[in-house]
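Letters A, B, C and D mark the chains as written, and numbering starts fresh at 1 in each.
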Amino acid sequence: MKDILDKAAQIKLVVFDVDGVLTDGSLYLADDGQEYKAFNSRDGHGMKMLQATGVELAVITGRTSKVVEHRMASLGIEHVFQGQRHKLPVFETLIAGLKLRMEQVAFVGDDVVDLPVLRRVGLAIAVQDAHPLVKSHAHWQTPSNGGRGAARDVCEFIMQAQGNLDAQLGAYLL
Amino acid sequence: MKDILDKAAQIKLVVFDVDGVLTDGSLYLADDGQEYKAFNSRDGHGMKMLQATGVELAVITGRTSKVVEHRMASLGIEHVFQGQRHKLPVFETLIAGLKLRMEQVAFVGDDVVDLPVLRRVGLAIAVQDAHPLVKSHAHWQTPSNGGRGAARDVCEFIMQAQGNLDAQLGAYLL
Amino acid sequence: MKDILDKAAQIKLVVFDVDGVLTDGSLYLADDGQEYKAFNSRDGHGMKMLQATGVELAVITGRTSKVVEHRMASLGIEHVFQGQRHKLPVFETLIAGLKLRMEQVAFVGDDVVDLPVLRRVGLAIAVQDAHPLVKSHAHWQTPSNGGRGAARDVCEFIMQAQGNLDAQLGAYLL
Amino acid sequence: MKDILDKAAQIKLVVFDVDGVLTDGSLYLADDGQEYKAFNSRDGHGMKMLQATGVELAVITGRTSKVVEHRMASLGIEHVFQGQRHKLPVFETLIAGLKLRMEQVAFVGDDVVDLPVLRRVGLAIAVQDAHPLVKSHAHWQTPSNGGRGAARDVCEFIMQAQGNLDAQLGAYLL
């Protein structure tokens, strides 16, 4: 655990998969072709707190929907990459552009398509209900399932490791 | 418990957070930008019974959506404050306007943004699946999770403490 | 149990509450005011089988929405009463019109508003996650929760008591 | 288990029921008559991997909705049969057209309407939360419930039996 906290202390960018990580994997589809997703309010607040400490956030997803744009805009997340069947190339372009080293990046995933990126980052995180192969390659597993607080777990874990959690939460105790 | 029932006996206003309290925290979003929430029918009936006993209800939420307006209107709740990133100022204005003392107010929350209000009210209530820090500052925790009966728990608990529960439920046993 | 099966054997009409019985109590609302409900496919098939044995079905609900009309039409249910804050008067009109005695009617409910009807019918059924007061007044409790198979439980229980279950299910084993 | 893996090794076509198998059985309906379904992202990836190994997929469902068309198109599934109250005739036409023998076909179901097909195929699969009668007639039961990974379980089970799982998953470990 000491080792994993050390890894988390170095993180400057957290990249999230969307379906199964920021949601429970449910793809709500309608007769008219619209797509719906159920995000989580407590995840959203965690992501805002983590950003406030200076850590950047990004999402990379294999699917494409306008609903992801809406949600990420409301969370102030600029780095949004959709329709990426292969996540590694866009990921590598992103960290090169941000001039980050692998040790400074965390990735949070749930399925095997996340493995090429997950296996390369400094801190590899699987949600609690991830595919077994993803869990076996992760440094850390969130206590919560995807869409049910997993992203909040990640944000608090990194703030804890970086010594920022007490200050962020303490602001609500004044 | 005696002490908490004493606190509940004095309550004249119950203020609810929305996401994670009246819902399970799921933010359903659509491609076209619309927002959806899943409220709970049994919560609604509890809130109507509690109002019938003379206790006032209010909601204060950090987010803004028309769906909250619709639901609160159907429940007959007048005091609806949305888009309140900081909940304390509007809360203080509300209780000043209603000429209530802190001991006469209960607040029901699930996340750390609720703490500034929660820590000041006479009866601080956390839903069962609230953030641990919120639970640690609450006088009482609902048996049910947010969106799955937590608000109903609150309403029956307060009616019980005020000696009104048997009359409210008994009306259905005539 | 023998006694309850005897009661079920006489049933000619089953009346269902909607929210919390045919759904899990979630009221999905949208920004534009539309309402959505999540019904259950296995419940639907049970209701069709029970109707095929000659038992009539009805729903009485306190709320009003077009979505209930749509669902009941697709299940071939004619007796649909919405917006009934007090369920007893419309219920009594219904059974008088159908020339049924109380012993020939079952009611399935989840909340205290269902009690006035529930306490009068020949077979009073509460879903597994009903309000405790409703469960205490029911002759039988479904193994499944509302919206998660409770109505299917009811339909198979009555077909079993009336000696029709094997024939209905057996048709799929030819 | 050896026997079931032998059956799975011969499968060239997997036919899925929709409601309760690719979803959790929830039928989301709206006031305006639209229908919505919640599919699962990890199921979708499993179905793509299985197709990549040369196994064909089909769906046969008793209901009819445009949302099923949309989802199946996005998964590249051509054989989509909706509105089939009786599933056996269309199933027999399908396998005759594909020139397959019963031993080469698997069917995945959850309810009794699936039994006429389920009892004839070489590999009969019930989702974990299927009707007890369906489970009793299945060769194999998925560890996951319908809509919560059952289809992914099926796809990995067949790839495992056919010696293709390591290659499919291994592609993400390069």
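Quick note on the criterion: a residue touches a chain if its C-beta (ideal position, glycine included) is under 8 Å from a C-beta of that chain, and two chains touch if they have at least 3 such contacts.
Being a predicted model, the structure only gives us computed values, none of them experimental.
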With chain centres defined as mean CA positions, report which chain is farthest from chain B.
D
Indicate the whole-number Å distance between the mean C-alpha point of chain B and the mean C-alpha point of chain D.
43
Just give me the whole-number Å value for how far the CA centre of chain C lies from that of chain D.
31
Note the residues in chain B that touch 2 or more other chains, in rising order.
28, 36
Quick one: label the inter-chain contact graph as line, ring, star, complete or other.
ring
For this structure, enumerate the chain pairs that meet the touch criterion.
A-B, A-D, B-C, C-D
Listed in rising order, chain C residues that touch chain B in their complex are 19-20, 25-33, 36, 63, 110-113, 115-116, 119, 131, 133
Across the complex, what residues on chain C touch chain D?
28, 34-42, 44-45, 65-67, 70-71, 147, 169, 172-174
